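As structure tokens, here come the structures.
Common to both upcoming complexes is chain A, partnered first by chain B, then by chain C.
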Partner chain A sequence: MSKERIIRTTILVAGIYFIVEFLIKGISSGVDNGFFKKVTPVFTDVLIVIGLFAIGIGLVNIFMLHSHRIIRFRPNWEHSIVLFVGFFTVMTFAVLKWTGPQPPPGQPHVGAGNLFDYVVTKILVHMNSTIYSFLAFFVTSAALRAFRVRGLESAVMMVSAVIVLSAMAPETSFPFLAQFREWMDAKINTAVFRALTFGMILGGITVAMRMWLGIERGAMFEAT
Partner chain B sequence: MSCVIGQVSADRVIEWVLGQPLWLRWLGSAGIIFLLSLLVSVVIAALGRESRKPGALCLSVGVATAVALVGWSVATRSGSMAVHQLFGGALAVIVRAVLVSNRLEVLDWIAPRVDRLSYRIVYVGLAMLLALPFIVGHWESKPRPRAITRGLYDAIEECGRTGKPVFLLNAWIMDSRGENQPQFEVIVDHLMRQRVKFVMLSFSPDTTLVGRSLCQKIERYYKDRYGEDYIQYGRDWLEIGYRPIYQTNGWLAWVPNMKTKGIVGAFTTDYMGVDLWKYPIMARPQAALEEERAKEAAEGKEAPKEAGSPSGTESDGGAGSEQGTGASDAGSTDGAAEGGVSEGETVDTSKYLQLGDFGLILEVHYVGTVEQLIGLIRLDNELRGPDGKPKIKVGLGTVNMVVNQMLPYYDSGDLSGILAGVQGAVEYSELLQDEYGEGPSREGVRQRANPYSMGVLFVLSVIILGNLSTLWQKISERREARGAD
Partner chain C sequence: MVLLTAGYFFLSITPDPWLQRVLFFLFGAGLLAYLSYTRRGRQMFMRRIAGLDKIDEAVGRAVEMGRPVFFVPGIGWLADPGTLTAFGLLERAARLCSRYDVRLCVATASPEMVPVMVNIVREAYRAEGKHESFNEDDIRYLPGGQFYFAVAAMGWMRRERIAASLLFGSFFAEALMLSETAQQLGAVQISGTEQPMQIPFLIATCDYVLIVEEYLAAHAYLMREPVHLASIRTQDLLKGVMMLLMVLGVISATLFAVGVIDVNVVERFLEEFHKPLKWFRGGS
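Presenting the complex of A and B:
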């Protein structure tokens, strides 16, 4: 039996199991005599283990990629060194925290054990926030250059954007604007997104069915 | 004496101004800036320059706006008035541009310059506006709470009344900190203020520590205010900690795990490595036990036992000693053991909190996995009440971008409430303030709300300005084409 066939069969069997479990639960929880209640935790544990493998694979991949870059002096090899330095530094701090003397419950670590918390709360947290906050500048420059009325549809979109933006800031949130915005959210927005969600879910079910039955082209083994 | 009278009069004037409706403050600001700009124009004319030239006009309005902005901000110590001056300045430019005899020349001068505005000026302007609240001081924003915010507030209040705990999913990341952190703060503030029991599970490594420190900070605030016994870790709240495995498996592997093994079997220890079953909060609520007894009696089965107290004393609702912090003594190993929870100890996990015992699952997330969560809850017989409706409510705190796609779930009743970005946090904070007064989360929310609204207003302004300049240029082109004909 080829590897491809084994994988397809496993997917098919797993899909059948979960569909039957779902249907049985929907009919009555007692019909199966507790069979699914005993077996499902095993599957979820398997899922958890597979997830752990994914973390490991990701790490190995990153190491391979960046070490090749350093060894062969590819462009930006200096950044790869920074990556490794940062990675092993934080790992060292984490190990120091785990293996060092543990403080009483609820008390912070002291000395070397506190380095990990320091790096996370004082450096990483703020670096992440800073990177994400650049979006504000991108959105603003896009708003100045690109958000122009070019026709009827864009005019409708622009008017509703102005109303919603005005209602979002308390300094410009007149009562009638806020009420109109709530009405737009509750009636128009909800209806549109409900329709979109239906479409997306139906499409998702179709693709999932095809992948389950192994008939989706390019899903696993074939080139698209 | 005259200084004191002057100060008192000035305070009264400022109080009167701040109490006026929004539209009146805008108009008033525009009027004052208009008059000031006329004064500046007179000065420019007195210096021998042409005051009606477009550049001089804009300069006069700009100087007047700056003076008004600084003056009002210093006088009122309120950034809110600073915002009104900016809008007043914009109105004043328009009014002066319309009133001057060479208005077409003025508008022809302004429009292409707005279109060609350098990105650097835009970025500097945005940075200054975002920094404004930190310079002039933060001010109170009083938005009207929306129905989606109130729905979540009422759901937590109901958990407080029924005694059912809340399962708080701390799934946000540092990238969404600006919007999710104030939401997290106001939710935890409400839970601790009302002493609604909650169990927190974290999905993100960086926000695990931040979330924990926020909870501990709020806990300390209420302990200092109401006494050490007011709220205690292990009795009133608990943190399971960071579980990366769930993050890599579509976020929801914890649901079937908790359903089959209960919280004690699924997670086994808290973030400090202490067995979960040792904490009093793990005891099943009285309402859940009575509900199960009624159900078992209706089916003719034996009533479920309460979880034994590890120290031998029975407390209301089941397991746990009277000690609130940390673990109680090791004990109870009776009954059929399911799910080994720690080496050498087996505990009947069915005696401790189950998924169905929670009154609300509340997720603070940058995206939101509530769609799958709602599906799992809705379609599970054991998680539905006798009326067919789900026993557990679901709430969500998420970023503004995602709120729209969650609204259908709120509309259908699957979601009890949604906190929409920073604005949702501010609205929630208003509800808390109106009901219970000032709290520890208020300051953090205010610090984020003001720059947020400044950013929103700046984006709104550039959208309007950009479109007005495009419109005016089109009008000018048509005018020139007609003139050429």
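Presenting the complex of A and C:
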């Protein structure tokens, strides 16, 4: 059997299983309470195992890329050294945490075991928040460009944005703007958003159906 | 007709919410009908989607500038419809890049996508007879989660001074970071996502945006095979049914509210449709 056929058959069989499970879920015949409740966790476990393999593949990808860069002194090879140092340091801290003496429930680790928590709560969380806060600057620069009036559409967008911003100001001197903003949000924005959501659901069903029935084509299936 | 009848009786033994199952069977019946229609050799019209036609131009611009094309397949799960669509577009981009000898840089936040994307890009290069030009190092897993991925991808974009950016897939808050960075670099940007929340940000920063449904239809648009067109036509049919129900529902509810009619006709129709289903289940 060719690789393509194996992929398509696996998708079809798995699709049939989950669609049947979805369709008869909740029937009080006992079918879903017995067979599906036993088999579905097995499928879930298989997915977790495949996911773990994928993480391994991702790590291999990173190691190959950065080790080649260091060995061949490619541009920015110093960054790759920092990556490896960071990777092995955090991994060592994690191992120390999970293999060292465990504190009573609810108590923090002490000594070497605390290093991992320190890295996560004192460094990673703050770095994540910092990166997230960049968004404010990106939004501002994108908004400045988007609000240039170049036609009817951008004019409507700009006027709407001014109304919304004015209405959101803490000390607005135009109370009617707040009402107008609420009306835009409740009527126009909600209607548009729901229309997009309908499209998303129907489009998702279509893609899933094409994939399940094996009528999707492309390099994803044609690998040899 | 047989399928619809069988579907209706099958629905009768299934629990609520029943509308999902109705849609499922309607889709199956519609797809079969349109497939048989197209297999008789009849043509189906699909309107032009400007953003997809411009992918060729974006790659052409990269050729002129001698800089890479950057592709991100979103940060969604491997089996998301948005991610699966992105794979189809990645194949298209990889074929064009290999044909014109342009470097294609692909960044992903999900390790499970790496082997799939390597496979897709390698096959695309092979199909164009440029297998020796394929460089696996240009398909990179950038770990750490959403924002670390965004920062790493932004850094990569800046170092390579990309000429074109193709952002297709499930995007969240990082969409604006990636697209604004490419905008600052002066890159041609084409994006598409099925996440409605990100559409305004992409419209503000990108040259062309495929909005939700357009994006999910992208692979079918590029393939243009009868089965793909049949699936898109079935999707339109379902949307038409839902829109009709909504319009009739609004009219019926309005007339009922102002006292022109005594019964909300659409509500009654749905109740009557649902009644046998409840009866078959022996439910309330």
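As a convention for this text, the second predicted complex is superposed on the first by the 199 of 224 C-alpha atoms of A that agree within 3 Å, B and C clash if a C-alpha of one lies under 4 Å from a C-alpha of the other, contacts with A are read in each partner's own complex, and residues count from 1 in each chain.
One rule holds in what follows: a residue touches a chain if its C-beta (ideal position, glycine included) is under 8 Å from a C-beta of that chain, and two chains touch if they have at least 3 such contacts.
Not measured: the values here are computed from a predicted model.
Of the two partner chains placed around the shared chain by superposition, chain B and chain C are both touched by A:A54.
In the superposition on chain A, contact is made by A:V207 with chain C only, not with chain B.
Applying the stated contact rule after C-alpha superposition, one finds that A:T190 touches chain B and leaves chain C untouched. Of the two partner chains, chain C is the only one touched by A:E216; chain B is not.
In the superposition on chain A, contact of A:H68 is made with chain C only, not with chain B.
Within chain A, the residues touched by chain B in the first complex and by chain C in the second are 25-26, 50-51, 54-55, 128, 131-132, 139, 141, 143, 145, 193, 196-197. Within the complex formed with chain C, the chain A residues making contact are 19, 23-27, 50-51, 54-59, 61-62, 64-65, 68, 75-76, 127-128, 131-132, 134-135, 138-139, 141-143, 145-146, 193, 196-200, 202-211, 213, 215-220, 222-223.
Of all residues in chain C, only 10, 13-15, 21, 23-24, 27-28, 31, 81, 84-85, 87-88, 91, 94, 110-112, 114-116, 119-120, 122-124, 127, 136-137, 139-141, 143, 145, 147-148, 150-151, 159, 173, 176-177, 179-180, 183-184, 194-196, 199, 201, 203-205, 211-213, 215-217, 219-220, 223, 225, 227-228, 231-232, 234-235, 238-239, 242 touch chain A in the complex they form. Within the complex, the chain B residues that touch chain A are 22-23, 80, 83-84, 87, 117, 119, 122-123, 126, 130, 141-144, 146-147, 173-178, 205-206, 209-210, 213, 216, 233, 244-246, 248-249, 253, 256-257, 260-261, 272, 274, 325-326, 371, 379-382, 400, 404-405, 407-408, 410-411, 423, 426, 449, 452-453, 455-460, 462-467, 470-471. Of all residues in chain A, only 22, 25-26, 28-29, 37, 40-41, 44, 47-48, 50-52, 54-55, 105-106, 117, 120-121, 124-125, 128-129, 131-133, 136-137, 139-141, 143-145, 147-149, 158, 161-162, 165-166, 168-175, 178, 182, 185-186, 189-190, 193-194, 196-197 touch chain B in the complex they form.
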